[in-house]
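The following pair of complexes shares a single chain, subunit A, combined with subunit B in the former and subunit C in the latter.
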Partner chain A sequence: MSSTLARRDGLRAATMISPAYIWLTVAVFLPLAAMLFFSFLSEAPFGDREWFVTAANYMEFFEKGFYLKLLVRSLTLGLVVTGFCILIGFPCAFVLAKTIKGRWREALFLLVILPFWSNSLVRIFSWAIVLRGNGVIDSVLDLILPFEVSVNLMFSYPAIVIGLVHSYLPYVILTSYLALQAIDDNLIDAARSMGAPRRMILWRIIIPLALPGLIAGAVLIFVPVVGSFMEPRILGGRSGTFFGTVIEDQFVAVFNWPLGAALSFILLGVVLLILAVSSPVLRRAQ
Partner chain B sequence: MSINAKWTGCAALATLVLGMGVGAVHADEIRVLNWKGYGTDSDWAVAEFKEKTGHTVVHDYFNSEQEMLTKLRTNPGAYDVVLINSAFTGQALEEGLISPIDTSDISNFADLAPNLGGNPELNVGGKVNGVAWVWGLTSFGVNKDEVSPLPTSIQVLWDDQYTGKVGWRDDALESVQFAALATGQNINDVKDLDAVKSKLETLLPQIKTFWSSENDWNQFFAAGDFLMAPYWSGSAGRSIAKGLPVAFVVPEEGAIGWLDGLSIPATSENREAAREFINYMIDPQFYVKWAESGAPASANAKAAAALPADDFNRATLGDPAVVARVQFMQPVSDETRKTYLELWQELKANAQ
Partner chain C sequence: MAGVRVANINKHFGAMKALDDVSLDFADGEFFGLLGPSGSGKTTLLRVIAGFLFADSGSVVIGDQPVERVPVEKREIGMVFQNYALFPNMSIADNVGFGLRVRKQSRAEIARNVAQALELVQLGHLGERRPHQLSGGQRQRVALARAIVTQPRVLLLDEPLSALDKALRVDMQIELKRIQREVGITTIFVTHDQEEALTLSDRIGILKDGRLVQTGTPHDMYHAPVNEFAAGFLGEANIFKGAVGASAMTLADGSTIRWADHQQDARPPGAIAVRPESVIVSAKRPDEHPHMNCLKASIRQKIFAGPTVTYLLEWQDQPIKILAKEGEMKDIPDAGDVWINWPAEKSIAIPAG
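Here is the complex of A and B:
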């Protein structure tokens, strides 16, 4: 009796869970598996091309020093962009969650999400207009300052960082906002009544309690930035060569899908490794 | 209404429907794969072609030859006419992506300049696999307001005076070929790759940014981001027509010649309409009108002769001394391409 019940329960659970797993299989697992398969081929298996299974694509990464160099460069970019996003986003989220109340909060919140409604390519191109010499920044500074200035950030590393920070800032604001909002105001009042200085409240109460949100935001930003290629290409000019752009070249410019796939999986592996190594630290922080 | 009148009405309606049906058989929709804004997709041309033949033309675009090949490989039956650079026609044929064209009903075919229409890359196996359409040069454009006197040597791209003032195309093959010209080598048979490598190494600090489309080039040039950059002769003609102070330089070291042909994919189901479209594309009437807004040089001798005497193509590419300096591009093997790409990527990575 009980066994049939258990079986029925199991069946019901399977029916309820299966949509999620089917979705995961179709949308995540299958494309990834196809790419993993490609990464071990000698040629992209289209048309009449002859191909065989090989690990040469992965070996290439280790044989050619410049891939590693670019990977380090991309990881550094990820860290820099994530750092700036936190430095700017966390205070924003704090003001939004704790200082501003009522209608204003909704209005400001809308402004934070607003950039998300436009296409990212459009945002990057508008930055190109702002950053270039004789562009918006240049003209405005010329109007205000009595002496001639020339600000031309376009086609440089700072331009890439500015574009990426602007693109990904909302993630950190949204996740931090949710975490900050959950902090009981009484905790802060209690600390204050016991004479804790502001800095101590920040470091001992607010940041530890908001850390899960902050970390979620940081991970959400770090991972796509490391693989970014469109922003560096448009804003970076000559300094826009990153691991992501090299992967894109393999797919788009020379039709070497196997090497592109192998480089992508190396990137995926390195990012997962970084997250795995840092997870105990992050868990303790939580 | 009498029964008779009803029947007449029905018959008229049936005739109308049948007539439309017959019309639909002849009016095909042909799909063209080309670079964006490259002649075939001019609004007036598409409209005129529809008026003449009843066929509608739909476009899809690519941003690199490799993307074009990828699209042909992965979408069989999706295209009826495709623009292929002569250096890639052989590869496309070998992969079975395109098939020979029966030129008997292409009335303008006989007017093609013999050395272009009969280009060996387009006529592998003695069959026409691509109809020569337009040709031109890859050399470089200079801002003639800022750079004077006009350079006559390709070495100007390496001149200290213009550090950070040079634009470039992020293309490994083209980069190697420019360096080959600058080191006095044959672009189709680079013997001293080390010389090319060190030449490109000294070029990278000169580069301000990479351009990837004609529109990019014009914008960067107009904004003063670069004073000189490799450019295509056809695009240079258009930029000059737009009023940009561009001078197209064919240096004494030579330039890279290219020839674009129109081919029909092996999987096309509208071959007849595709041939009609190709015939229209090499027609002098179409070319002269296209040339008004800046076009590459036509492969049709009659079309070229119909241009005004001061036309960019007649003035720049018409000079036999210029043509003598041109090195026409030959097919490049995958192996060479891979070598060049690695060389170029390594140089870019090390220059960061």
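Here is the complex of A and C:
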């Protein structure tokens, strides 16, 4: 009796969960599996080209120092962009969550998420207009300053960082805002009543309690930035070669899908490895 | 340790007047209860004394030091919050030691003082726990230990017991009083619970709409309220109004009630209040007696609560509440007309106007 009941419960549970698993299979697992398969081929299996299974694509990464150097460059870019996003975003989130009340908060919040509503390509090209020589920044500085200046940030590392920080800033603001808003104002009052200066309250109470949100935001930024290719390509020009752009080239320009797939999986592996290594530290922080 | 003196405090929030010319002296070592309904300004007054808020005008003096312009960080106060406000990211010992770390005490000093404070609240063994592992009553004690470990000049409590269930609350009241006596610190606490205020306080101040209505010892406040609000807010009261004569009040139904001569102000009273426990119910009309007041009322409801019985009656469309010990009044019908009577000296003469 109880076993039939258990079986019926199991069946019901399976029915309820299955849409999620079917979705996961179709949307995540199948494409990933296809890519994994591609990454072990000698040629993209289109038309009647000959192909065989090989690990050569992975070997190429390790044989040419060029790829490793690019990977390090991409990871560094990820750290720099994440760092700037936290430096700018956390104070913004703090002001939003703790200082501003009522309708002003809603208005400012709208401004924060506004970039999400515009197309990312449009966003990047508008940055190009701002940053290039004779562009918006250059012209405005020329108007203000008495001497001739020429600012041309276009096609440089700073341009890439500016574009990426602008694109990903809302993530860290949103996650930090949620974490900060959950902090009871009485905790801050209690610390003040004990005589704690502002800096001590920030470092001992606010940042430790907001850390989960800060970390969630950092991960949300770091992972896509390491694999980014659009901002480096458009804003970086010749200095915009990163791991992400090389992968994109393999798929779009060189048409070497197996190598592109292999590089993608190496990137995925490295990112997962970084998150796994840092997870004990992050968990203790929470 | 020090006394606190606030004088002529005014505080507005926009157009709302939260405190209206409030002046109060808190004696050194006194346990003072600020009592009032919500919106009466009691928490605002506490936050002005703490230094979280600055008054629009008026003075705040702690000890001999005027502190109107001193921010909370520099006032050397201890405060316990309604929800305890323990830091969830720190252990109990670190919570209690936080204020000592601010004061740059050495590690050994901090450890010793924290242990002492936790011992005082009888939680010496829980220093390594986290706040979420503690019960409500234990958290309350930790918050108290944290507030007094820095040896502040004043201890401020914002509805300290309202988050506890009733049985625990009574225990904590006794505990709170013991600790306050032991430390001897001037303590000001805010509550909307009149029973709590009566039990804990050396003196009580009642606030209403930002004004101080009355201050005094619990006994004085209970037996000689200055107006109807004070009579009804601190304890319960049946209020009677009518035409006031030289020594008696004639009510709407023609009956007269008296008050004891010794209570009489120079002016005649504006109303007569009677505490529910002062009134006796009888089924038959008692004999006339010059010192007894007697009214005819009808019983609406009888509420049995173990040691006490509450009778809800109606006299001239006015609800009357009577509280009796169980078994004290016999032969009272569950409904119908009865006589309620009380001795004249139990009438509380409330000053007019």
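Please note the rule applied: the second predicted complex is superposed on the first by the 286 of 286 C-alpha atoms of A that agree within 3 Å, B and C clash if a C-alpha of one lies under 4 Å from a C-alpha of the other, contacts with A are read in each partner's own complex, and residues count from 1 in each chain.
In this section, a contact is a pair of C-beta atoms (placed from the backbone, for glycine too) under 8 Å apart; a residue touches a chain by one contact, two chains touch by 3 or more.
Small disclaimer: the values here were computed from a predicted structure and weren't measured.
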- subunit A as common anchor, with subunit B and subunit C clashing or fitting: fit
- Task: Considering only touches as defined above, state whether A:256 meets subunit B (first), subunit C (second), both or neither.
- Result: first
- Message: A:209 in the overlay: touching subunit B, subunit C, both, or neither? Say first, second, both or neither.
- Response: second
- Query: Between subunit B (first) and subunit C (second), which does A:187 come into contact with in this model arrangement: first, second, both, or neither?
  - Reply: second
- Quick one: classify A:197 as touching subunit B (first), subunit C (second), both or neither. second
- Look at the residues of subunit A and decide whether subunit B or subunit C touches more of them. B
- Quick note, subunit A centre (C-alpha) to subunit B and to subunit C: the enclosed angle in degrees to the nearest 10 is 150
- Between subunit B (first) and subunit C (second), which, if any, makes contact with A:66: first, second, both or neither? first
- Message: Which partner chains sit in contact with A:166 here, subunit B, subunit C, both or neither? Use first/second/both/neither.
- Response: neither
- Message: Just to confirm the geometry: in the superposition, how small does the C-alpha gap between subunit B and subunit C get, in angstrom?
- Response: 44
- Report, in rising order, the residues of subunit A that make contact with subunit B in one complex and with subunit C in the other. none
- Under the touch definition given earlier, write down the residues of subunit A that touch subunit C in their complex. 184, 186-187, 189-197, 200, 204-205, 208-209
- Residues of subunit A touching subunit B in the complex: 46-49, 64, 66-67, 69-70, 73, 132-134, 154-155, 233, 237-241, 246, 249, 252-256
- In the complex of these two chains, what residues of subunit C are touching subunit A? 50, 52, 72-74, 76-79, 81-83, 85, 87-89, 98-99, 102-103, 146-147, 150, 156
- Item | In the complex, subunit B residues that touch subunit A | 63-64, 66-67, 69-70, 73-74, 95-97, 168, 171-172, 204, 207-210, 223-225, 337-338, 341-342, 345-346, 348-352
